[in-house]
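Below are structures written as structure tokens.
Look at the two complexes coming up: subunit A is in both, with subunit B in one and subunit C in the other.
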Partner chain A sequence: MASTPQMTGVLPPTTKPAELEYGGDEVSALVLDPGTGTTRCGFAGEDTPKTCVPTYYGIIPDPEDQKYFGKLKIGENPINSVVDGMEIRNPMSDGVVENWEVATEIWRHCIEYRLSSRVEEHPLLVTEPIWNPLKKREKTTEIVFEDFNAPAYFLVKSAVCESFANSKPSALVVDMGHAYTSVTPIIDGIPLRKGSERTPLAGQHLNNQLRHQFGELGIRMAPWLTLKSKSPYTDLATAPPLRTKDFGFEPHQSFLDLQQDRFIHEFKECVSETWPEAKTFPADINNLPDNFRGIADKAFEFPDGYQRRFGIDRFLAPESLFNPSVSPKALTGDLPKGIAEMIKDSIDHLDADIRANMLNNIVVVGGTSLLYRINERLNHELMTMFPGPRVKIHSPGQIPERKYSAWLGGSILASCGAFHQLWISKQEYDEVGANIIERRAK
Partner chain B sequence: MVGPGFRDDHILLIAPGSKSTLAQLGLPESFTPAKLRFPTRMFPGLEEGQYLPNKVHELKEGEEMLLRNGEVMTAGPNGKPLKKRKVDSASKPSTTTQTSTDGAAKSADTTMADATDGREANGEEGGDEDEEMNGTKGEGSTSRLFYEDDDDEEGAVWCMDQGRIVNWEAFFALLLHVHETLNPTFHTPILMISQPCWTCTDKERICQFIFEKLKTPGFGMMDAAAAINSAYNVQHSLVIDVGYEKTDITALIDWNIQEVNRTTIPFGGHSMNQHLQKLLPGLSEDEVEQLKRSNICEILPAGVPIPGEEEADRDTVMRPPEPTTIGMGGVAQPKSLDEEGDEEEDEGVTNIAAIVASGKTQEYLAKKEKEKADKKAGLAAGEKRLPNYKRENNSFLYVEKVQDAVVGNGQDLTEVPEGERMDVDVAPSTTEEPKLVEEAPAATGSDGSLPPPSEENRPEVVKTDADNSKPAPEAEPSKGGPSLMESMFSATQDDDDAKRAQEKALRREEKKRQEAAQSGERRREIEVGTERFKVAEGGILEAIADAAHRVVSSADNYNMRSECWNSLIIAGNGSRVKGFKDALLNTIISKYQVSPSSGTIFTSELPSNIPTPSGTGTNTPQPSSFNSQPNALLLQAAANNAALAAAGQHHLSIPQPNQGPSSIKVAKIPEYFPEWKDHGFEECMFLGAQLGAKIYFVTDQGVSKGFVTRADYNSQGPQAIHNI
Partner chain C sequence: MSGAVTDVRDVLGIDPTTLDQQPRQPPLKKQRTVEKRPDGITRELYALLGENAPPVAVVEHRFKDKPKFLGSVAPWREQTFKNPARRDGMELKHWVRQNSLQDSAADDVAGAMEIQQTAVPLDYQFAKFNIKINLLEYSDAEYDAVLKDDDWSRQETDYLFKLIKDYDLRWVVVADRYEFAGKEDRTMEDLKSRYYSVCRNVMEMRTPVTMMSTEEGALYSAMHYNKEQEVERKRIVQMQLYRTPAEVEHEQHLIAELRRIHDSHQQLLEEREELFNRLDYPQSTGSIAAYQGSQGLATLAQNILNSDRNKKRKSIAAPSGQAAEDEKATTTTATATTTAAATKPTPSAAASAASPAVSRQGSIAEPPSKPHGHSRNESTASASAPTPLKDKNKSNIKQLTKAEEAQYNLTHHEKLQPGVFFRTMKMNLPKANSFINKSPAIMAELNIPQILSMPTSKTCAKYEVLAREIAALMDIRKQLEKVEQETKVFKAQEAMGGDRTKRSASVLSDVSRSSKRPKKEK
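Then we have the complex of A and B:
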């Protein structure tokens, strides 16, 4: 039943396991953590993944091609070069793999890129989101054994990895990633389906909001790659002509979007800030009350050389994570719940006797959690919702540990001696088939 | 086991690259550029699975083979060459050796199986070969002749492609060849520079080979970027290593490689060749390569217009282009002559960025302008600066050129003899070499328009070549008789669309005839137009700049990003192209540097809970307002403190970075290595390797596990390489 080993003996994330803990295994396992934004891969036992490849891929459509329907461009460099007709796509949908052909290629690229040219020699640990359906789990199993010919394999919920990476056997894991922000309660290393929630209010949402916001402000969002150099802005009111490069063709819109995401990402890092308190964000930022306290402006320079100072409007997009109704770009369909609301929902779904434990062990990880002061906001929200000293947020202080938390947990798991009995071997797969995953790893 | 006391002179350094592999035995008192340079390729041997360092032709009795010098070698009875070229022993210590059948066969044995077999013939020869023609002629057992041809690259197996090892057998054979050429003692540990793209499995394989075949007592690997960084001795850096077919970009923070974010892009010296080739379809590959290496090929600094062209698209943020074309007298025809190359010869180290930054651009341009005018004015100015022995030719040619110049200002290019060439991917390696390099510009510059080979400067060239004791040097098929002819023929044929095709073809035809009878290196001029300034316009600069930006922007340590930008290191032989580094720096600055007027430096750390007199949340853009504030630094300090305090209170907040980079600087070249000064720091990775070897093997003696000892290997196997 226990799909994961006991926490005993798990080292703190920063410590590299000693040789002996490999249990005499000569070949180290690989850990693959596929996400929507990036796919992380590395050797078990190390503290950061060796490689982190964008999951976005480029494709030059070609209906003749039977397998991929085009020429694939995988990896950081190919998708960042201007190629005629290249579209940017993502094999993931809903946080799980949708296009298996391409996903397999991306995984293979990850593994062979810097790790090992011999995929078939290493046991492979793969992470999955908790909402990964059975079909996809079986398909993953099939690919690992059939395509990669791995000698052994295991599939772990990424939330479990994240709690382990933070040395917590039981935790409420809040993973703020690229496509989804998810909340998963983990009790003694076992994820609870009941009480796990997710929302698309995450990194991608922020990108879209900011893109919209910049558009509204009339900012020309020409990405670096399409420019020759910055234009000299002498007067901010009149924009000089863009110094665009002439490629002889028009880059695909999806490519431009991806390139825009690069400076939007920079904006998120350097300028965006989360309003640190719940429910005090001014309703109308264009019409602030007189007694409103001052906000320090932050300047941002766009790739075309345009500089703009952002005041309260730099709080807007992050605010929409907690309060989707303020989104600069109106969301379509049902308004999702804010992140804090979602955490509350999750807690409310849990049995009363574990709520206190969960509230005291909230683990916040994921790239979007690096948004400036977002943890303060979360803390404030939760304190307001659950008054009392019980709420405690744990979040790694090191940036790589936040970004690669799931991978890191996988790395710890796969290198830990007790894990060896859990591997599903190729032989077992051959005997049982893809369904083995459901029997061995729930 | 603590490392057995290794000695300085018993350390073998190997730095494999896609094009050439550098090696050296022993650490000299003062660290030098690599002593030996091997092309990173092998040739399939006579038997399956065998690899030889040189191409071996097999000639049956009576068969003829055209040697590069135009002579014909005929295989006589019993495999004796009937005719072979006389080698002037004074000038060319090539090893034209007649070895016994056994010897020849042995020398051919570079197989893995035969790993430990001595290859005395080749070993000896390896030490003496030079780049010019030579060969080992061995007798076959029957009436066959084996001719070892250094320059023929046909059928060569290149072991690496974009840094990745693509042919392991050949790569190991090469390692073996290097090892045997240097023939180190049994107490010699090996330090290898590893390519960033090598996978862990690759490293294990190499480690296994080194211990099992080369029987070394200690083996270490040093990452190329780490080596470059340690040569520069900077704590944080951004290393851009421009290679042959790829450029590695690595950020180092606190001496540590930022493994996850480093990248390798498929642009390098070769992509510049390809671009030139596209521009100059009339030239052969090798001609293009030499054009790139020559002194006249350069990337003009921003704002200096390509002669005869409108400067519409060479804009910079610094300054509007100068209307200089008229001053150059190059308006008559698009193919204007520009003596840029000549003028630059003494200014190889001109730091354009510095000039631009210092605001003296105008003076600089004016100076250049004046020089150009002088050039035009007559011979005197040009001659002043040239070595004496070239003046005559120069003037002769100049006459010819003047005719051109009046009409079209054509530009000449001399193919520099091989020994003289400015290496781009394969830099000169011996101590003599720096001299050669220095000579090359002079030679090129002045004989920009020499008539066919002048006897005056040939001996000089030959002499330096003679001193040059490279083993298995880079052997490109450039100067070989047959290959040269071929290249010329093909070039002639392809010439149809080139603007001065007819003229060029005629010239070449003529020269070819003149040179036909001559042996040794040939020279001829190829005229190229302004294409030579466009060597880097194929997108390489933008690609590198963009990748560099991505690498630094994804470095996890926010605060160190600006440190990386402030010690940019551009290394690798691809960056030897004149003006490349400055152009790259300019590209990066003009696209990615955030203008300091934005005030980001002083405002971004201000936490919002401190009421500030400025900002009431309005959106008015006010650039540069903060620069004038006298207390900006104080503000920043206060802000930092407040931010820290805030972070302390509210746990978990990682401080927000500034938008960067607000300044980009090139790291200072280390000064205390005189040998490297002349050589150039493009290969400073080898300097780093020597420093590393000194520390790991000699100073440290294995205390801090800088290398794998034999005992480690025995207990852990190839994986031991990952524990260092």
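Then we have the complex of A and C:
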């Protein structure tokens, strides 16, 4: 065997893994993690989802179509191609499914088209947000058994998955996603209702803030897709005329917004940064005090070639996650709580005995948590709020693990040998009906 | 072999054939140990390498070997299985590794079918994790008898027990999910209080407290729940959680102070204990029964005497080898009368010589087993002497006083060096560089020649002392210069402004510390 070097930690094919160290028993289950931004899907037991499809879909309205009222375009490529009359919509609202017909189609697209699997052959694990109402849970159950005809199914809270993905049975899960940032206390894999909080201060909020910020600066936010060519310039006053493509029709505004989101997303990734301390953030960014010490500028080039250095203003949108009153675009209605405030609220709702444990096990996941230095800021704010107990933030270092934490936790759960007694089987559904979900998956 | 050598052999009359074989053998052996030349190196290059060949990476231009598996690859088969923890009998599929015994039969389909039937595990391995807690259940009669409560209805109690069962006594979750119509504001303490009181009441009714087994009794007392105390505890926990930073700091300070006090107290206790131990007399451990008779007492006296002598001798013998002469061993020499006995010490004498050593350690050894009459006298005598050999020498040599020794220039050495040498060569002079460089000047100043004209042992000793003192003097002078220099710097800095005083002060203290050392020596 000396001539064949083997990777350490990988068992040779002739050796059986020890039963005690391996609690997995793979039943070729599928894991579906539908979110507002993207829908993640893959095989249980793997470490990343096989496919990640945008939940946004394109539709060419057609009143004669009885089911969808138009022609659906699902998937990364179809929604990003310029089609006459195509509108971009999202089947999710408030973090939960609103348009069931389309959501079903997207799920089916994920499993049958992207994974090339037959839905009726695999047990299916679906994640849901903690605030998913009973009606929607029953509807999901119905779709899985009636439409997909799955042999077994289970619905699990995404926050529970996230705590499992970080190998913690009890944790305070802070999930910063696309539509919502939620805080959920988990005790032994059971989410608590009373400490659960959510706020729309998340990825979508950042996109809107940045879009507004750019608009105020007078930046022409023409997306890449509509431009023929670009020429670099730095002064907005002497901007060269836009050279746009002529499609022969005007793309729908929702389509343009989606395309704008693409470079705004890039801006979020490259330029946006979180200010590390709450109290040192300037009250008025247009009127900086003389002794103010900033953080280095960063340059960004917009699709039309406009180049600009962003100084303190690149901190503004992320700052609004913690302090919504500084949002560039004033928020309508009641001002939501900042994320740190929300965590404090959640902790205050909990039993006094478990608070210290929760503070010591804060799990921060979700794509928006990849914002530069956001964990540093969160840690700083929580340390100020709770000077006594130990505050510890756990956040996976790997980017995919952070983005797909909920899926990963579901993958772990569905491939775990002790989990197989929990599946809701088709037979049970036939006997009890859709209400079985409330009994089995509490 | 050259012709000259054979000629010489002929002259000497040595048979060439016998000699030829003998000297040849060693080179033959040597050749055998030479390592085989590795494949990748040319012969010329290999010849250049010496005995310690450098590690040369030999690159072989060929494909990797085929992996050699230890056993045959075990087949994996997709099998359906049932989970005994499920009531609906749902069948899921998983892949199971077939063991090697079944491999042989795996080729034919019929065999494989047969195996599939036998390989289905009797018990699903993860079923053992399906554990339910044992929860107390009460009957209607029991409820009516002891469990009635004005605040709690029967339905609500049932609901509570159902929740507890569902969430396996996870109180946090139970309190979180508790939603009984009209009673939503129940706290965890209310629920716990009710649950434990129900359990206690039912247990007590089933078996009176006095009749309970120890396990039941322990469980019964563990079920005791003091609601007020628990509420108060939670309040304190909460207070502790929401301390202000100042409070936290103050607390940490107090803890550090407490630890310091505790540590110093501990140290004090240790020191006191050590002092007590020092003041304490040694405890006797042996029994005194052996010394109660007159004979025993005599033995004891003898032993004490012996050990006393030994102690004395040891203390004198320690500093120098001269002790042998100075020792008050006159009594021993006097008693060791017969030279014949002294020159030939018997083994028994040697054995008895060891006995005082034993007695010194506290346990009183029996006197040596009685030897024959002749050696008896001699054995008691030599018992007190360290070794019988010294005894022998003493009896022959006349004892000299110190004055006499000086007169005859008689010296004693620990170890004599063989050969002839100058005494000055053996002088122990300081090795420091400063001494070697400066000593000639000082010696000249003192009017002492570099090479001693009369190196007797006395003058040599004096010279050594002088040299040491010179070295010490030089050391002190050097330190003094250093300190003076530092003082100058310090003063200059002070004049310029005292911002760096701290540093130089510490340097100064270092210097003074180091300068103390040579002074002490003097």
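In this text, the second predicted complex is superposed on the first by the 407 of 442 C-alpha atoms of A that agree within 3 Å, B and C clash if a C-alpha of one lies under 4 Å from a C-alpha of the other, contacts with A are read in each partner's own complex, and residues count from 1 in each chain.
The definition used in the following text is that a contact is a pair of C-beta atoms (placed from the backbone, for glycine too) under 8 Å apart; a residue touches a chain by one contact, two chains touch by 3 or more.
In this text the structure is predicted, and so the values were computed from the model without any measurement.
When the shared chain is aligned, no partner comes close enough to touch A:Phe154: not subunit B, not subunit C.
Contacts of A:Gln421 after superposition on the shared chain: subunit C is touched, whereas subunit B is not.
Residue by residue along subunit A, subunit B and subunit C are tallied for touches, and B comes out ahead.
Applying the stated contact rule after C-alpha superposition, one finds that A:Cys270 touches subunit B and leaves subunit C untouched.
On subunit A, the patch touched by subunit B and the patch touched by subunit C overlap at residues 19, 26, 28.
Considering their complex, residues 19, 26, 28, 43, 48-52, 76-77, 80-81, 112-118, 121, 224-225, 227-230, 232-233, 236, 243, 262, 265-266, 269-271, 273, 276, 285, 288, 292-301, 303, 305, 307-313, 364, 370, 372-373, 375-376, 379, 393, 395, 397-400, 402-403 of subunit A touch subunit B.
On the subunit C side of its complex with subunit A, the touching residues are 64-65, 67-71, 73-74, 83, 85-86, 88-90, 92-95, 97, 125-127, 129-130, 166-167, 170-173, 175-177, 188, 234-235, 237-238, 240-245, 247-248.
Partner subunit C is touched in their complex by these residues of subunit A: 1, 3-4, 12-14, 16, 19, 23, 25-28, 123, 151-152, 187-188, 190, 192-195, 350-356, 386-389, 417-418, 420-421, 423, 425, 427-428, 431, 442. Residue ranges on subunit B touching subunit A, taken from their complex, read 197, 199-202, 259-261, 263-266, 313, 315-317, 542-543, 546-547, 549-550, 553, 556-558, 590-592, 594-595, 597-600, 603-604, 606-623, 650-654, 656-660, 716-717, 719, 723.
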